[in-house]
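Common to both upcoming complexes is chain A, partnered first by chain B, then by chain C.
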Partner chain A sequence: MADLRHIPAFLALALGLAIAGLFHLRLGASPLSWAEVWGAVTAWQPENPAHNIVIEMRLPRLLSALTVGAALGLAGALMQGLTGNPLAEPGLLGINSGAAFFVVTGLLLVPGSTLSMLPWLAIAGAICAALCVVLNAGRAVGSARLILAGVMTGALFSALTIGILILDQQGIETLRRWLTGSLAFESAGMRQMVTPFILLAAVIAVANIPALNLFRLGDQAAGLMGLNVARFRLTLLLAIVLLAGASVATAGPIGFVGLVAPHLARLIFGTDYRLLLPAATLIGAGLLVLGDILARLAVRPLELNTGIVTAIIGAPVFIFLVVRRVK
Partner chain B sequence: MAILEVQGLKVMRGGRTILHDINARIAPGCVTALIGPNGSGKSTLMAAMAGMLPPAQGRVMLNGTDLAKRSRRDLARELSFLPQQLLAPDGLTLRELLVQGRFPRRGWLKAWTPRDEEAVTRAVALCDLSGLMDRRLDSLSGGQLQRGWIAMTLAQDTPVILLDEPTTFLDIASQLSLLDLLANLRKDGRTIITILHDLNQTAQYADQLILMRDGHVAAQGPTSEVFTAQTIGQVFSVGARMLPDPVTGRQICLPASLPPAPSSSADQMQSDG
Partner chain C sequence: MSAAARPLLLPLAGAALAGLTLLAIFAGRYPLGLSDLAAVAMGGSEDPMLRTVLFEFRLPRILLAMSCGMAMALSGAVLQTLTRNPLAAPGLIGVEAGASITVLAAMVLWPGALAVGLYPLAGFTGAIAVAGTIAGLAWRQGVSPLRLLLVGVGVTALLSAFSDLLITYGRIERVESALLWLSGRLHRAAWDQVQSQIIWLILAGLPILLLWRHFDLFQLGDSLAASRGLNPARFQIAALFLCTMLTASAVANVGMMSFIGLLAPHLARQLAGAIIVLAADTIGRSAFAPVQIRQGWSWRSSVRPIC
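So, the complex of A and B:
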């Protein structure tokens, strides 16, 4: 029953998320009043232009930010649990870059490709990049080599992506924004397509909570306690590539949310994965909503890419974590 | 009747043969100790007995079935093994560590049962950890942490318990209380296999000895029969004299280096194979 004392913290997180969501609906290129936001949410009138901005434009974007942020936060928590490395996340380990490369290649080079192929392309790319990282990382838990393998994989796939785009001038124009991670397009259809993947990954994650808790003792001790380590690794890897693929398909490669969200969750809730997984998911969603608000406010009336904002905020956090670890 | 039986076991590591054709029988309800010089293959044999190392030849039988044919989870309900070096994860409390000892018994997301709680409580009492349960592992001393790992192994509540050098990091009083704990577990009907550094402690607490040298079993049998000046001298390459304990009359071994033998302190630096 020790878990009851965490309920207030979770309520506070949910409340924070709701408030951030309301700000997300209100702020933007054309700032609205609270009355307009409230009116749109509670009594939508299609003929009211302010209501239309909220419901037709900002609400889908908010939902996409929530979905992608939650997927990235969960993916980061799973990756850190799987590798025992606090720096693991889909962005840093090149999984997002691999997914993006496959999407770009598929859309630009395969004739007759449609948007409905995009989630599959992204997941295939995530699998490919994950294999690249795993095969190069060696077996040592928590090793710097894992991060090096990830950075290398990310650089390789980014370079390949740029190479393809340079050959295709048209492609650069259409994919320029998407490639740095953006929520600025119409993403409702894509969000619906990737939701089943995210739900499947969430089920895998929840089913693996006891194993994740055991795995904190390292793979040797986990094996001694009867965990099928190979199966555990494989199912978690599947969940991670589904989450990374789904988020890249929806919003392009967005880094650092997967790194920062589990760390914040651990600061509040400790290392128990029963608390850590839901907390990292909520915090990931909240961070991306905040990032998206900043992206739209910073250079108003233009907007920054959300991926750029998360990188600007996330990079110092990353450096802080590395310095604290080296010390 | 042996509860654990090693049959013609050969184990290779990195292309090198570490164990050659080992045959050993572990009697149920006894404390069996593996002894031998560093690099003689004690730890490797123990890991193979726990099913952690795949045999190149031969097999290990637990209650008449081959270990290799069992799932890890199934095995973890009958046999627990505490290896020498396990990393202590950051941020865990001692209680969280001990709870992991119940993992093999717990189903898919099954709730914590009174039986789980009882096993943990018993392990805590046996290892004298009751005041430390909410402490973080990184705040514990080496000896407390070692007792924590032992308690986790005991929380697993298995009939067969393998402990590789459990007295490491423990001061002499804790060493003796751990050895008494082993004796109590034996009284409880458990089968214990252990590796201990101190020869005389080993002889005092173990019913059976398996003496290893260069990846072979040099001798095995009841302690009273194989703990002799001659076998100890041969296995460890030392001169050994036996003296009776003035109080108990038990045999005590006094090793002395043979004239050309390498110094034993240099030997200690090598990692144990």
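So, the complex of A and C:
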């Protein structure tokens, strides 16, 4: 790490994440006591119903929230670095919608499709949407056209998804909640399936940290400093679609975590990607855990979709950023 | 597109529109032919079924589709000029989101609070309110195009989250009727809708057509336009207001129609030059409309055979 000054901040972040995780285990449709949570985590007795709630229902969900949140936070940070646009995010840029469209199409229309194909479908969709955005965004770095191309791509894929769902009424019933982003499904198997993709993307991200820092100077300056810009863009794009595809496969399209997490990270740690990437990952995980707690508490014993909660919290942040930062 | 070809293209687009209109009249579950049409036109046919299908079903629907199409296309062209951005669409300034959240809230949360006939008005009010909010948030000595679009994206995302909330947790039968109401009512087109849409089209569309000189000036950039006597801020407000009225009336009358406002101006620009873009694209967009009618038909026959 570049600087010992930042160790306390990272420790505080990790501590906050742990506390949020414990609250996630304790709060929910049936509130448990701290003793029950602690007992379940340290000494699990299968015959204790409270322990079973914690271990078999809430813990997998917590792990999913952590995984998806971390993936989204990291993807957001990478996208903002790659595009030079502070508003870039997998949800806003339509990557999530593309992945969701491919998943819905694959599951409903292709006979013999199984759940194990889901991550591949999601990643293929993410690649397709990313290509749409990149081809439409033009060459100017940091332009609003990128965001608009993304929003239109997202709208297009959402419209296509709805078109498919109209053809298949049963699909609406099973996928309606997944499509607005939900962690409520039994997703432990999916989480294990997507973990390799996320780890691969994380390795790519870490390997590209010096390049990301260099790229802040602009693509021409970075090229002059010896950075292979084309290869850098391509590998980073690969990491982003892996992360977005993995998160959509696990929890459906969840927006705005990838926008808010890097900005919070930048507020605390500045713009050095050596600090920014791990911080955005941790904050993304924390945000989604908090969002999921809210989603389960707001209309207890029912629950909201996590994607709706993140949008209601994240969209005002986006508007604030625009009003403050865009001329 | 060469300049010489331009004068030809407007009539061509008009011919295409006429052809599609005929197609839209003939196509459908109850088949109509040229001879039927001629018979009705000559006043020779007394077949009541024929007259009902033509005057009560097909014609209002085609006219409504056309007038709404013109409204959406005009407002798309205005917005793309105002923001100087080829990817802007009426949906981005929150008109559709505002209309849909108002109608959803009215139908799901407080059913019966509003008479059914007032829903278009409620949608219209919501649309204007949201568009006004977005323009207000984006205001900084004039409407900055970039801020306008991005604030629009944010507010639309926020409102659609609330819509999702209502859709997912509202009473299912209320949600379904609200969604049906929103997802387009072309198939239930009636003459009073046609009338209201055409009035709005004239009320808000005519000023836009008359302002074509200002639009051309505005495209030159703020400072140049100001030096030629155009007040960019005042012009932007007026144009935004007209554009919102057009979109809101279309949404209130037939429901959501994304993408058309985005696509039509581009087609028009391929066809025609900057000066006649407004006129040409009015036709260009309405050429789309009968296709939509067909989509509506197939949707209706495949999904809801009862209605």
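Just so we're on the same page, the second predicted complex is superposed on the first by the 324 of 327 C-alpha atoms of A that agree within 3 Å, B and C clash if a C-alpha of one lies under 4 Å from a C-alpha of the other, contacts with A are read in each partner's own complex, and residues count from 1 in each chain.
As a convention for this text, a residue touches a chain if its C-beta (ideal position, glycine included) is under 8 Å from a C-beta of that chain, and two chains touch if they have at least 3 such contacts.
Quick caveat: nothing in here was measured; it's all calculated off a predicted structure.
Chain B and chain C, once both complexes are superposed via chain A, fit side by side.
Once the two complexes are laid over each other on the shared chain, residue contacts for A:Pro31 go to neither chain B nor chain C. With both structures placed on the common chain, the touch criterion links A:Ala159 to chain C but leaves chain B unconnected. Within the superposed three-chain model, A:Val323 lies in touch with chain C and out of touch with chain B [touch as defined at top]. Once the two complexes are overlaid on the shared chain, A:Pro196 sits clear of chain B and of chain C alike. Centred on chain A, the angle reaching out to chain B and chain C in the chain A superposition, using CA centres, is 90 degrees in steps of 10. By the touch criterion defined above, A:Pro49 lies against neither chain B nor chain C after alignment on the C-alpha atoms of chain A. In the superposition on chain A, A:Met225 contacts chain B only, with no contact to chain C. With both structures placed on the common chain, the touch criterion links A:Leu302 to chain C but leaves chain B unconnected.
The larger set of touched chain A residues comes from C, when the choice is between chain B and chain C. Nowhere in the superposition do the C-alpha atoms of chain B and chain C come closer than 17 Å. Residue overlap on chain A between the chain B contacts of one complex and the chain C contacts of the other is empty.
Interface residues of chain B facing chain A in the complex, by the touch rule stated above, are 50, 52, 71-77, 80-81, 83, 86-87, 89-92, 96-97, 100-101, 103-104, 106, 108-109, 156.
On chain C, the positions that touch chain A within their shared complex are 85, 87-89, 91-92, 137-138, 140, 144, 146-147, 149-151, 153-155, 157-158, 160-162, 164-165, 168-169, 258-259, 262, 299, 302-303.
Residue ranges of chain A in contact with chain B, taken from their complex: 141, 206-207, 209-210, 213-214, 216-218, 220-221, 223-228, 266, 270-272. The residues of chain A lying in touch with chain C in their complex are 87, 92, 136, 144-145, 147-149, 151-152, 155-156, 159, 166-167, 169, 176-177, 180, 255-256, 299, 302, 304-305, 307-308, 311-312, 314-316, 318-319, 322-323, 326-327.
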